[in-house]
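The following pair of complexes shares a single chain, subunit A, combined with subunit B in the former and subunit C in the latter.
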Partner chain A sequence: MDIQRLKPHFPWITLLVLVTIVGIADPSFLKPANLLSLAGDIVPLFIMALGLTFAIYIGGIDLSAQSMANMITVVASVYLAPLGIWVAGLCILAGFTLGTLSGYLTTRMYVPSFISTLAVGGICFSVAQWLSGNRALNMDATQRNETFGWMIGRTGVVPHELFIAIGLLAICLLIERRTVLGRALKAVGAGELAAAASGLNVARYKILAFAISGGLAAVAGLLFSVKLSGGAPTIANGFLLPAIVAVLVGGTPLTGGVGGVLNTAIGTLIVAVIRASMLYFGIAATQQQMVFGLVLIAAIALTIDRSKLRTVK
Partner chain B sequence: MPRILTRENAIRWAPFMVLLALIVLFTAINPSFLSQRNFARIAIAAAPALMVAIGVTFIIVMGSIDLSMEGVVSLTAVLFCFLMLALGGTLASGGWIAIPVILAVGAATGLVNGFIHVKLKIPSFMASLALGFVGTGAAILLTGGDIVKFDDPTFRALLTWRILGFPLMVYVAGLCLVLAWFIQSQTRLGRYFYAVGGGEELAHASGVRVQHVRMAGFSLAGFFYAIAAILQVAKLGQAESVTGSNFMFMSITSVVVGGVALWGGIGGVWNTLVGVLIVAVINNGMVVIGLPDFLQAAVLGLLVIIAVILSTDRRAVAFVK
Partner chain C sequence: MYELKAVEKKFPGVHALKSVDFSISRGEIVGLVGENGAGKSTLMKVIYGAYQPDGGEMLIDGKPVRFGGPRDAMERGIGMVFQEQSLITNLSVMENIFLGYEDQFSRFGVVNWKAMAKAARKQLAKVKLDIDPRTITSSLSFAQRQLVELAKVLTLEERVQGHLVVLLDEPTSVLAEEEVKLLFKLVRELTTRASFIFVSHRMDEVMELSDRIYVMKDGQVVDVVSRGAATPEAIQHKMVGRHVDKEYYREQRQKPYDATRPLVELSGVDLPGRVHDISLTLHAGEVLCLVGTEGSGREAILRTIYGMRTPTKGTLKIKGETVSRLTARGAVERGVGYVPRERKIEGIVAGMNVYENMTLSQMPHYARMGWLDVADERALARKWIGKLAIKASSEYADCGNLSGGNQQKVVLAKWRSGGSDIMLLDHPTRGLDIGAKEDVYDMIREMCDDGVGVVLVADTLEEAIGLSHTIVVIKDGEIQKRFDCVPGSKPTLYDLLHYMI
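Showing the complex of A and B:
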């Protein structure tokens, strides 16, 4: 059995091993109710990672996801009162539009995606500060429950966030596996020059990938603000690192082309289990960022396709 | 007669013209902008930022990118304060030892960064981003979220002792700028940075040990981040895990706006100086003319995009990720 054939199976094997280790150390971890609430808590992060997957799948990156989610928590808190349920549309539209802007800058203006998304993130931060007046905002509790209460309730022991996550995952999986867009994105990720040479409108598909990433980051922000019943310009800080980790440990390499949204689902679960186990093994919350930083380096090193990088810059 | 209005000349002098135009603009709106006191304020804001930006200039000249500055500055600033306290809390009581030690720590973190990037063959933006997270995490871990401070009038002289109206730290930053210029233009390492940035394969073929040059570059960047950390501690009088925040966006914007091409091989520390001053003047001028400060992030974002677009020779780029 050679290692290259085993490689695609690493993510779920890692997940199983981690769950087993934590399960042996703490049997109550394996209770279905505990596992379900663990999965429910990670859903906003998962949605952001789902969006990031599209950006990374084509070999780019979206560093604006966190600022986007920050901005959306503010937008949702401010406009829930006048717009009601339509605020969801506004949020997604804003995310999609700003994602399109990142994509446009990257493809048509030749600004590398890590710079263009960083810059768009700066714009998001300004908008968030401006709309919120640099304060933490609260949603009106009754109105939140009337409008978005369905997002955060429970049916039995199953948190409703999980249904949202599974629904979005299904849509993304459909896009990835069964649509022209999905095939085109794979072609771009696997070899951009070849894709362009075979007549694909590469720029359009890349822009769309960044737009989807922005849109899903917005959904993540919306769900997060509903959960917290409020918003602030820095409330979602700390999302970006675990979201990138989730995509990469799931098996979508930084070079793109392989992996996909299902991998990200597994990657997110790995992140959730790592977080839970850190709490269990007494690693303080202050140490988590360090651990995730190191996990990120290891994950990139293991997944990246070096044959695609002629020179590593 | 050689043409003056060539694309090359326009690109070379555009940042400087922008800086002058900005100064004229802000002065026209509010004459108190053009005062010695305000210039000192701009210089104090720019000094630590210049150190970070110079560090990342070497990396960008090589065609790579370094996003670890926030973590490295926070970590070295926190370590500097702890070390200072452990050594008695004043420069005179032996605390001066902390300065070379912290500079070495900065260079060492940079070396780790370069090692991860070169030996594990991870693109530098991601390797350094991850390491930056580790650095911030380590700073949080060391401080437990608290503020570390020490009180030493001798050390604070960096901010309080003024020569010709400018505090000492501005002159220190100026000296470091000269040092950076010397490394860039008078040493073999400096020439190698340009060789690697201009064409890695060609540099390799002509005998440059590209991997070593890259690691040396990242180490040098770490060294300058540590200087920035010390100046930042002198400026704020304390350190915490967020001491380095905002430096990433600000320094990259400065370097690119100053005219250092993101593709490598073009520009240098003087461009960076102009870029840092542009950013500092904009940040200061927006406050002076009464614009709300929440606009700053958006303005920097637009600025960096415009700068990259203007500096990109579109015929030379095949595709961009």
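Showing the complex of A and C:
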């Protein structure tokens, strides 16, 4: 069997193998209730990874996603009281705007995205510290339940986060497969020069990709703060690495152009299983990032399209 | 001394070398000619070790050898003087000459620059270049760099036992006539130390310099001609495989253009760099060919009409309307289509299928409020696959896997299906086999019949002459001469060359 033809199927095969292994080690893992709550817990990370997919799909990266989510938890906690439900709009707008800024820096100022988003992430982190006075904030429990309680409840055994995740996934999938935007992003990722020579406004589409990434990181932050009923400038630390891992093991390589949001959904599930299995196999929380670091390196090495790279610096 | 026997090389979809026999003896200068895509570059790459042959054998002094890479070849005395120069421009001349071989001058990792300079001077003397070896390479002229490159290859002399084989890939393409004479004189003198393989598009030069000429066509050596044994026309005939006749370029289908309908008018256009004072007019039904050497400014002019470069002076009119801030998007909306030279990089998006590529420039026509109508797109692709006889398994086939000719058809279909009536074609037949080339020629004539204006940068001068209504010769960014090319009284190669160089 040809390895190249098998390659697109690696992600779900990996997922299946992992689930089987963990299932054999601990049969209770496979109980539907357990699987559902596992999936529900990973939703904020998934939403962040969903946004990151757009940045990576065009061959860029968004390192600001985690700091963005941090900042948004603070923003949401601070402004829930005065703004009520409108705080959601504020959060998404902030994410979208800062994403646009990253995109602008990347496309118009020619700052590589890993630097521009790192810088914007620094700004976000600092805003979060300043706004929170560098301490953990709590939301008013009643108000949170009234405004955003629908996000985190359960219907039967199904956590509501899952509906949000599926809804966002469906929207992103439609954008990717059925819109001019999605097609343009694919062209930019697979052959930016050809896209430009076809008259596409490449810069605008790239900016949009970063804006979407920022917007979804904000949604992730909002959901996370609602779940925890509060916010802090470092509360979402530890998200970035698994989120990037989710995109890459899902099959969207750093070089962009292939894969997509459905791949990221599978990638996120893989991350969820790896996380859960670390609990079963007794790996301490402090050691988890090591595992994700190793998985990330392996995922990059396996997925990257070397024919697109002339030199790596 | 150096010999190839029945060498084969295959790439996915291309049989690049078919049982090629080749030999060169001590002190010999061997010419290598063929059309683009005939297999010259592949053969050169096999000789200097960049490609490993799939079959056949390679012999040096009768003993079989195998190269893992260019460095292996160099160890055996085979060096290449690159056409796209391989010198690193921000290093000094001596650093370039000994790049990768600094060990001989270094102790504990510290380089003795004096010793290197002395050794470099010795190498530069071989090519009669009197410059300070500490000079930064970027400050040299092109001709000087070429000589440095040659000097770099000649360092093999001290390193390697035995005789050298030096490949010269299009060494004269950007040299002035005087410089070419000097280079040839030098090469003849150096035959005491090395044999040379000389590749050039200029038949007269190949015939002047070479002792024997290998003629390649479609991956095969079709003939080996000794000095003085054939006329340039006869060799040309062998390269193309038939007489380069009117039929080939569809001259019988060339109709007068509509001089009352100017599509593109450039007047007094200056571009950043050296393109200066360009004025030309493209009419409906006209093929206007820009002729000049590499770097003369042809591509820059095409890109200006396509809005990818902005003039610093002068005006650009498209269909009578003066456009001041043209973008590629704006050009496309005004009916301009661009077929870039780098087909695989700028022409098609590998990884996207046929319909996605075809509608890339015209997605708004296939979308409502940003939503694509994929069924419509597929119908379009199927129509054009049939119309242009594109060999693709279906509209879902990845364009990256199509052959060059079919990729080019997809690119042309992209613009024609969107109704572009100003076509900018940059080397549209580069790397295509003869059948695919003829398809492209047919399509150009059909476009003209439909009232499309074509600005063409042709792959060869013959192609330029054969296809065009008008030829504009450009040298160093300025227009030298305009020729009318009415069938029957077209300018000759020599008419054009006179103004090009």
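Following the convention adopted for this analysis, the second predicted complex is superposed on the first by the 313 of 313 C-alpha atoms of A that agree within 3 Å, B and C clash if a C-alpha of one lies under 4 Å from a C-alpha of the other, contacts with A are read in each partner's own complex, and residues count from 1 in each chain.
Note that in this section a contact is a pair of C-beta atoms (placed from the backbone, for glycine too) under 8 Å apart; a residue touches a chain by one contact, two chains touch by 3 or more.
Note that this is a predicted model, so its numbers are computed, not measured.
K.L.:
Determine, under the contact definition given at the top, whether A:N134 touches first (subunit B), second (subunit C), both, or neither.
P.N.:
first
K.L.:
Considering only the touch criterion stated at the top, classify A:G95 as touching first (subunit B), second (subunit C), both, or neither.
P.N.:
Neither subunit B nor subunit C is touched by A:G95.
K.L.:
Looking only at subunit A, is it subunit B or subunit C that touches more of its residues?
P.N.:
After superposition, B is the partner touching more of subunit A.
K.L.:
Contacts for A:L181 in the overlay, against subunit B (first) and subunit C (second): which applies, first, second, both or neither?
P.N.:
second
K.L.:
Taking the superposition as given, does A:A197 touch the first partner, subunit B, the second, subunit C, both, or neither?
P.N.:
second
K.L.:
Let me test your reading of the model: by the given contact rule, A:G257 touches which partner, first (subunit B), second (subunit C), both or neither?
P.N.:
second
K.L.:
Give me the intersection of subunit A's contacts with subunit B and its contacts with subunit C, in residue numbers.
P.N.:
193, 196
K.L.:
If you look only at subunit A, which of its residues touch subunit B in the complex?
P.N.:
Residues of subunit A touching subunit B: 58-61, 105-107, 109-116, 118-123, 125-127, 129-130, 134, 192-193, 196, 202, 241, 254, 286-294, 296-297, 300-301, 304, 306, 309, 311-313.
K.L.:
Which residues, counting only subunit B, touch subunit A once they are in their complex?
P.N.:
Listed in rising order, the residues are 63-65, 67, 116-118, 120-127, 130-134, 136-138, 140-141, 144-145, 200-201, 248-249, 252, 256, 262, 264, 292, 294-302, 304-305, 308-309, 312, 314, 317-321.
K.L.:
Flag every residue of subunit A that touches subunit C in the complex, lowest number first.
P.N.:
My answer: residues 178-181, 183-184, 186-187, 190-191, 193-201, 257-258.
K.L.:
Okay, in this complex, where on subunit C does subunit A touch?
P.N.:
306, 308, 327-329, 331-333, 338, 340, 342, 345-352, 356, 359-361, 363-364, 367, 370-372, 374, 414
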